Every structure is written in structure tokens, then in C-alpha cells.
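Chain nomenclature is as follows: A, B, C and D, assigned in order of appearance, with residue numbering initiated at 1 for each chain independently.
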């Protein structure tokens, strides 16, 4: 399943896109959690491959990564868990570049592909550094999602939108991942700028946690990515069903926004 | 000095999220321009001289030299204001911060020396200052925590990961990405995304440039060997920069438990590609060193390049040898070295009389900082 | 410099038991000769330069000066090796000890800075070293106790009397009288029997001589006012020595609880006649100051003479003003002063804008030492 | 009573001289202690006027001074206690110069005299500094005892012996006051040197505590001064009688030495 094709298809049906995130290996039953997310209405899933030094993540994803690593999670174990899981939606890996670099671009891309993942987000690879990876990933049919930030200037944003595959990831605020009580004003602004630059699906992430926030963002973007707001209850012991229910609420929030 | 590519052979680069790209670019431009501007250089030189106490001496060690059968000269960065080479870097970055019009200055620190230096420069320039420091280091370098606070800086203990330097850098990056428009991140070593490794090396080359001139005055020529400790590698980079075009053999000394060059493999963390202690999968390993300033699993990318190109030889020493080196220098020369540069000394002590450092060798070693911050810890070991 | 009478007007002298007379005479002779010998002067100058980091800077304080409406220049003794002016004195005395052929070096210490300096010089010259320190000071200057021990000195806590500096001197004298043939007593200030007050002032005059030259370079003339803190009075004596023949007004700042000039009367203790805090009967009073280095009921005899002859004005400040002065300098200029010189600063802060120090005054202040030793204590006060 | 005259007289009778020391004000009953010392065979008494900073004293006399001061002892109180006590032997004050200087030489000397003291020892007044005091003391009929140390050179020793009044105080060792297990070799050497220089009584002090030590010293000197060995039991609560008994033992020790 190709990510971008799928998202374009859903968007063309007037659907706002929902991409929940789960840290691979965060619990024994993490694949069940992923499945519950799908059942709750996810259009694709972002699968975090935990890294020891998640410098772009806030406390929740840091903790999720640390917990997963402490359980012995490795990229290989995440891949193994996914192989044959057949979650029914496109899977996007999200990890830091050192795991990619250490494995080797080609090897890593092939490992992703063979476990059913079709795209990758590598947040510490900025435009200048990511070209090589993008090319080798593409060879393995892995789409590389590039990110744009509120401070990204127009010329750079154009290049990002041009080169990104799958979707364009709008980092809605200047900061790390994490739920926040208020939606950052920068989120809608960036979404609007990105939409003006590209026809590719534009998904916004960082700081989106409630159905209302999701709905508000989706007014100017094609969809949202929700991570910390889902991983917090997982860390606190919530059942996969209740996480699925949270996703469902987000889904409902988004569906209210759906424009014909 | 023209603009720099940000690459050192296969190493270096700028591995940062898009949110930080404009700030890195702005800094690169600001530094490139400033470094070519005579007024900036004059202002920095003035500060280094009248505020920070440069030039620092190159001190003979008569008693220890005699015991070791070599001629040992110490480049006395311990005599600078705040007590380590870190001040050279922060004053330059504080000036740039003023140039860029940012009111806030953040830093990570391991041994606390960079944090103290950053807090100092921030006070001197009226900048708000926050310093991130791993909880482990907050404990073992308590004196420096107090100093930072008295200087008006906020010290934020970091409880993630190994709770040492690498985690403090992560936390500083997290702050920076959320505050980049008002904040300059003052990195304390030759690590991080371009332009940091280049910029910090240039700001530290005053150590090597001075030492070379002083060694020529004292020795009538260049020393046989130049030695410096390597954590991130800024004092070593600054030192070696002054001797790269001489015949002196250059030796970088790592902590055994943090020997990124000695036992690391290529990897990317904290914004650049370099050698890194990590596992098979690419998870960063925790370094383990008695010295907070060398307790870091990475190393500056230029060192990785120097190692690959055999421009510098890298060795490592263990904690015990380091502690005895501190004691030995204190008792023979009356100089209390920080644990970090004591690594360099420990290697010199071990190598003296061997093929590495034959009798009669002339050796310049950078004494990157004073040991006041470490004495409580050392006494605790007794 | 010819031989000195040992008298400063009505003050000074050599009030010692017969057992110490020969040693004082030997020292007087050794110093008189050495001080006129170009080789001795050259050796000492070399040590001060290449080992101790002289000359020290005269640093502008742009932010604090603006706040105070004056132009403040700090003579940076904090940048010397070991962190205070005490090193100037001990290196001279260590050289003399070698000249006299004595293998043992003893010292008293209050703040620990003189003890650290003495331990340092002893290590550098391979002398055995014992430092006496009041129990109260051992506690409040713990860092320095550790430093002395690492330098190989034995620190002997003194539990008699007020358990501070004056008792440490008593105890050192007791040691000396029992060991005088093998031992040099390295007194840390311009106190004690002749030749100490004269000798220590001469060894410290490098501070004032340098400062005067530097002030002329910066100001094109002499400063309006020269300020230094006064415990025993060595940094002040050394500073003032450089300015006595100028038009600069000289101000010595005592601790309120140890203001021997301000509130003392003539008396004799520790070998010389001077001003002294004492009761009606002549029992020595206990001084009380937050700064261990000024916690002394006496003062050097030359200060008593300068006060009597109006050559220097003496004032005093209290602990609270001193603590805020430390904080203020740290936060405006990034310089962490020791509590002792912070007395001088506290007076400057209070006097700025008054008739004592009108707006626009140029002020040279001796920053006699760095505050690392005090930060734990200061943080405890928060 | 003049000190020197009395000591010469006793010496001419073949008696070895014993001068015990007591810290004025060390206890309520310090005058009784002094009297017991006389009863035990003291030829004169050294009365310590306690000083806050007794730099030439060892731990025992330091403690004795501190205890006396803590009880409120002042020079005036010591003088008052002595006035009219009529101890029957010459009394020698021993104190540090600051107490003398603070009171004023003349005033202090007169106070001594009016309390029945006839001589003074001021250990921190060396030859060069003591001349003024000596003269003003003499005006009040106070004899000033000067001290000589093992390191005192011959020319200086001659001057000391010349100017000293009462006796010449030989500081038997390089060090502070205090009992020591062994007699310092320097004690006998100094005594011999002093005897060669002067006809004045030569008394040795510092480090003499047992009858045997006293006897040994008296072989080369005219007598001994004993301080710490007596003040230690006083500090420890010994009765004045038992202190008197100690003095008596010292007396017996000396009497064995007595040369016809």
C-alpha cells in the first residue's frame, strides 16, 4: 500500500486524515494498540522506532521511548512484531537518523519495506542532509515524509513540498512533541502556508491532543498526527480498547470538519 | 578565514530538524561575517585580554619534568577567568548573540565549566541565561552549580537518559527548538550542527596560537609532542589548530569510558556526523568517566576526521590513572588540574620513557581547567 | 630598597620571645639582601609571570559602572594562580625559604587562600607544609581545606580561642617556636614581627605597581580613588604602595565586625604594635565577619600608621552589604568576587553618588580574590 | 621583698630554687593553691595574669588562661586577690605585653607593686622592645626578669644577663610551655651557658615537671620554674593540698641536688 496514494484517495472522498502514533514496543500489546487505533478510525499509523536520544521529543514520547528500550525493543523487534500483523492501513516509520545510518540506508529501507512499512519520517534529517536517504529509500519503495516548521522560509518550504513523499508533515509549533492545553496559533498559519505551496496531503502534528484541536487544525490542513495524547494513557496503563476509543473521538472531531 | 562547508572529510554536517535550520544558517552567517570583521576580532581580543586574562602562560614544570625525564610545558587555561578554556568560546558566542539581537542565552554543561562560562558571559552582556545539566553532574559538580546560580543563571537539572552531558545537550536542543527566535544556544564544544564545530574551534584556536608562539620563545622551536584531553574536543581542537602545520606530534587523550574515537563508530547525534559510542542498532551508549566533562559518548566531527586522516593520534586513559595524575601534579608543581586535563597528563606520565614519549621529549600540554570543582569529589575518594 | 627599621611611626616592631629573635633577624637579613639582588628579583618576577599569571588585568566594569555613575576598574588578583593576591607573597617567601636552607614551611590561614597559596608554593619548591586554620574557618572554607590537602599540605584545625584566624596565628607561632631551625613561618599578611609587615608589603606591591601603570594606560592619569579591603591588610598595602605618591585618595575597607582601624586601639599582638580590637584590660576581642579572611581583630602596623597620618582613609561595611555586593558584581559583570574584596565593592556601591565618590569618579579597586571558596556558604544564606 | 636579693640569699645557703607557677584566677581558691605551694617549699611564686592569646603557651596554660578568663578574671581581680594575702615569698607576675601596654607601663607597674608583686616576666618582650618597660617598672620597684632561649647567641645572652633583674629565666627548650616526658637536652646546655655568663640566679623553665627532672636541671642551674605540671591537676580538680604535696615532691627532688 502506498501512503501518498492512499491519503490522496481518502482526501478526495472529503475525509480529514487521522494519523495516530504509537511507539513500537512500548508494551507487550503494542500491536493490539495499533490495531485498536485502526479500528478507531486511523487512516494511517505512525510507528515510532524508539531511539535513546529523542532530542525533538517532549517528556511523553521520551518516556515512551525509554520504556520501550528498557523492554528490549530494537528496530528489528519492531519490524518483527509488524511482519504479518496486517493492520490494514499504511504504516509510517518515525525514527531518528542514527538508527537509519547505523543500519545503512539500503538495509534499513528494505527492513522497513519487508515489515509492511511504506514510508518514513526522520525528523533530524533536514533538507540538505536527507537527499541520499530519500533516494535509497525510494529504491525500496519507501516514501520519505519531509517536515516543515513555522520558521521555514518560503523557498525552502517549496523545496520541502516538492521533495516530500507520502504527505508533508507540518510541525505545528516551535517546540518538541507533547500535548498542550492550547493549540498554537502557528499551527493554522503553517497549514495555510503549506496548503498554498502544495497539492500533496498536508498533515499537521505537534501539540494536537483533543478532538476539538484536531477539528480546528483540520479546518486548514488535510489532517492531523496525534502522538503524545495517545501515548500518555498507554504509559499510564490504559487498555488498547480505551486507546482505540480516544482515536475514535479524534475521528469524530475530524469528521465534523469534513467538507463535502 | 572564509566560510566553511560544515564538513570535515566524511564527518560534520547539519543534522537538525527544519525548525532549527534557519537559526543555524543565521549563526553561520553571523559568525562568518564577524570572523572576517576587524572590529569584531578587536572587541573579542579586548575581552579575552582585559576580562578573561589572556594570554595565559605556558608554564614549565621543573619537578615533574625531572621525574619524568621530559620537558613538560603546561598551557595554563586554568588561569583564565572562570577557570577553563570554555571562556574563550562563550565570549565569542555572547558577542555574536548581541550581534544577532537575541536576549536569551542557553547552554548545556557537563563539568559545569561551560555552564559557568556561559552564565558569566551572559551576565557580562546582560543576557538571560538557562543552563541544562545532567542530574549526575549537578551532584558531582556542585560548586559549579552554585557559581552559575550566583551569576544569575537558572540551572535546570536533566533527569532523562544517563543524566549527564549528552542528555543535557538533548534538553538544550529541546529548549532551543521552542525558543529559537529569541535564544542563542551556546554549545560548549566542537560538536553540534554546522557552524558550531567550526566556529567553536576557531574561537578556541587562540589556545593553540598562543601556545605555539610561547613554545617557540621557550624552546626555540616547536615541541615534539602536543597533548590535550578530548571530551567534545574543543580545547584539543583549539590547541591542535595552532600546531597542525608544524612537525609536532598531536595526541588527543580520551576517557577510557568515553573514547568515541578509540572505540566509537560513525554515527549521527546532536546535529553532526562523527564517531560515537553506540550499540549495534545505533542506540547511543552511556559514557562512563570520573570527569563530567569527558563523560560524553561522542566527539567533535573534526576529531573524527583528524583520526581518519592520521593527523592526530588518539589514546585513552582510565579513571585511576587520572586521579593519580591530579595528585601528582598538585604535589610536585602546586597546580590543581581539573579531572579533564588530568587525562592528558595521565597519558604523558604513562608514556614518558616509552617510544611514545622518549626521554628528553619536549611536550606542550593544554591544562584546560583548574580542579577546584573536583576537589570535593576527589577527597571523597580517599 | 634599603633595610627597614621595622617601625611605621608608632607602630610595628618585633614583639617576640627570645626564641624567635634569631629567626626574625635571619629572615630580615635574607629578605634585605634578596630584595636588592637582581637575580632574586628576576627569579621571583619569572615565577610571578610564568607560574602565577602576572600581570593581572585591570578590568573595566561597563554595566556596574553605568549603574553606579562612576568608572570602576578592577585589579584582577582573582585571576592569579590559586585565585588571590596571596600567591604573590608566598612565592617570595618560598624563594627565601630555599635561600635560608629550611625544608619546612608553615602558615596560618583564615579564608584558606593563604593556606592554599602556601601549600602551592611548598609543593612547587618541594617543602614540607603545615597549615593552621581555625575550626570555624575549616568549616566555612571547606573547599580550600580540600585543596590544601590535595596539594600535599597537612591542615591542622585550631580549636582554641575564637577558632578563627587570630588563633591560627597563635598556633603557627607555637609551632614555629618549636621548629624554628628547620622551619620558615610564612605569614600571610602585613602583620607579625619585623620584617614581616615590611616584607609582605614589598612582596605585594606588585599589585599596586601594575595597577598604577595600567590605570595610566586606561585613564591617561591616576584614578581619583583607590580602594582595597583590609583584613591583615596585605592586598591593601600592596595596592596602596603603588599609589602613595599620587593624588589618588586611598580607601581601606574593613569588615564592620573586624574594624581594627575603625574601632581598635593601640595594642600588641602577634609580634607587632598596631591597632587592635580589645577590651579595657587588653584582652583581644573576637572579630566577627562573614568573610574568614577579614575575621581578624588586628591590622598590619603600617595601616595603623597610615590611618594616624591620614595617608589612607579607613571605612567599614557590614555583612549584608557585602553579600549583596557579591551578587551584584556577579550579575552585572560575570565576576564572582570573594567575600573579602566584596567589602571594598560594598563601600563603593554605598559611596557612589555621595561626596565620598561623586558621579564620574574613576575608581581602581583591588579584587583580591575569587569567590569560589565562598559560594557554598553564600548559597546556604539564600 | 626584693626578688633577686631573696634568691641570691637562698642560693648562698646552698638551696636550689623552686618557683612554681599558678594562673591567677584559675579557681576560686587560687590564692589557697598559691599558699599551699609556698607551704610545699616554693622560694618564690610566678603568678600568671591570664591573657586571651597566650601564643607562647602550650595546651595546659592555654586552658588555664581560658578557664580563668571565663571566670571573669582580670588583671585587677588578680591584684585584688593578692592584696593582703601575704604569701611570704616574692611574687613574680607573668603576663603578655598587651595587658601591660594597654594599662600603661607605669600604671601596670604600680598596680603590681601595690598588690605585693615585686617582679615581672613578659615573654613577648624581647630585648629590643623591653627597655622602656624595664625602666618604668624599676621606678615602681618592679624587677623585670628577662628570658634567654637555646638559640640566643652569646652576645645577646650577655646583654640579657646584664639587664635582667630578679633572675635570668632560661627557656629550656625550643617550644611552648608544657610538661614533657623527657627533659630536653637543651635545658642543661642553656643552663650551663647562662651560668657561664652571669652571677645572677639562673632559673630554668619549660618542660620541667617531675622531681627527677627538677633535680637534673638543678645540677646545672640555680633552680627551676614549674608550671604546666602543676596547673594540669588544678584544672582536673585537685585540692590545693595535693598541689602543695606536688610542690613538696619537687622540693625534695631539688634538695637532693643541693650542693653544700
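By our rule, contacts are C-beta pairs under 8 Å (C-beta built on N, C-alpha and C of every residue); 3 or more make two chains touch, one makes a residue touch a chain.
Just so we're clear, the structure is a prediction, and the values are computed from it rather than from any experiment.
Visitor: Counting one step for each move to a touching chain, how far apart are chain A and chain C?
Guide: Counted as steps through touching chains, the separation is 2.
Visitor: Hey, if chain C just vanished and nothing shifted, what pieces would we be looking at?
Guide: A, B | D
Visitor: Measuring centre to centre with CA averages, how many angstrom lie between chain B and chain D?
Guide: 66
Visitor: Can you give the whole-Å distance between the Cα centres of chain A and chain B?
Guide: That gives a centre separation of 37 Å.
Visitor: Indicate the whole-number Å distance between the mean C-alpha point of chain A and the mean C-alpha point of chain D.
Guide: Result: the chain centres lie 95 Å from each other.
Visitor: Per the contact definition, I'd like the list of chain D residues that touch chain C in the complex.
Guide: Listed in rising order, the residues are 51-58, 62, 66, 69, 74-76, 97-103, 123-129, 146-153, 156, 160, 171, 173-176.
Visitor: Hey, which residues of chain B end up touching chain C in the complex?
Guide: That would be residues 49-51, 53, 56-60, 63, 76, 78-81, 83, 119-124, 126, 142-143, 146-147, 149-152, 326-327, 330-336, 371-372, 375-376, 378-379 of chain B.
Visitor: If you look only at chain B, which of its residues touch chain A in the complex?
Guide: 13-23, 160-161, 166-167, 169-170, 173-174, 177-181, 265-271, 273, 276, 278, 280-284
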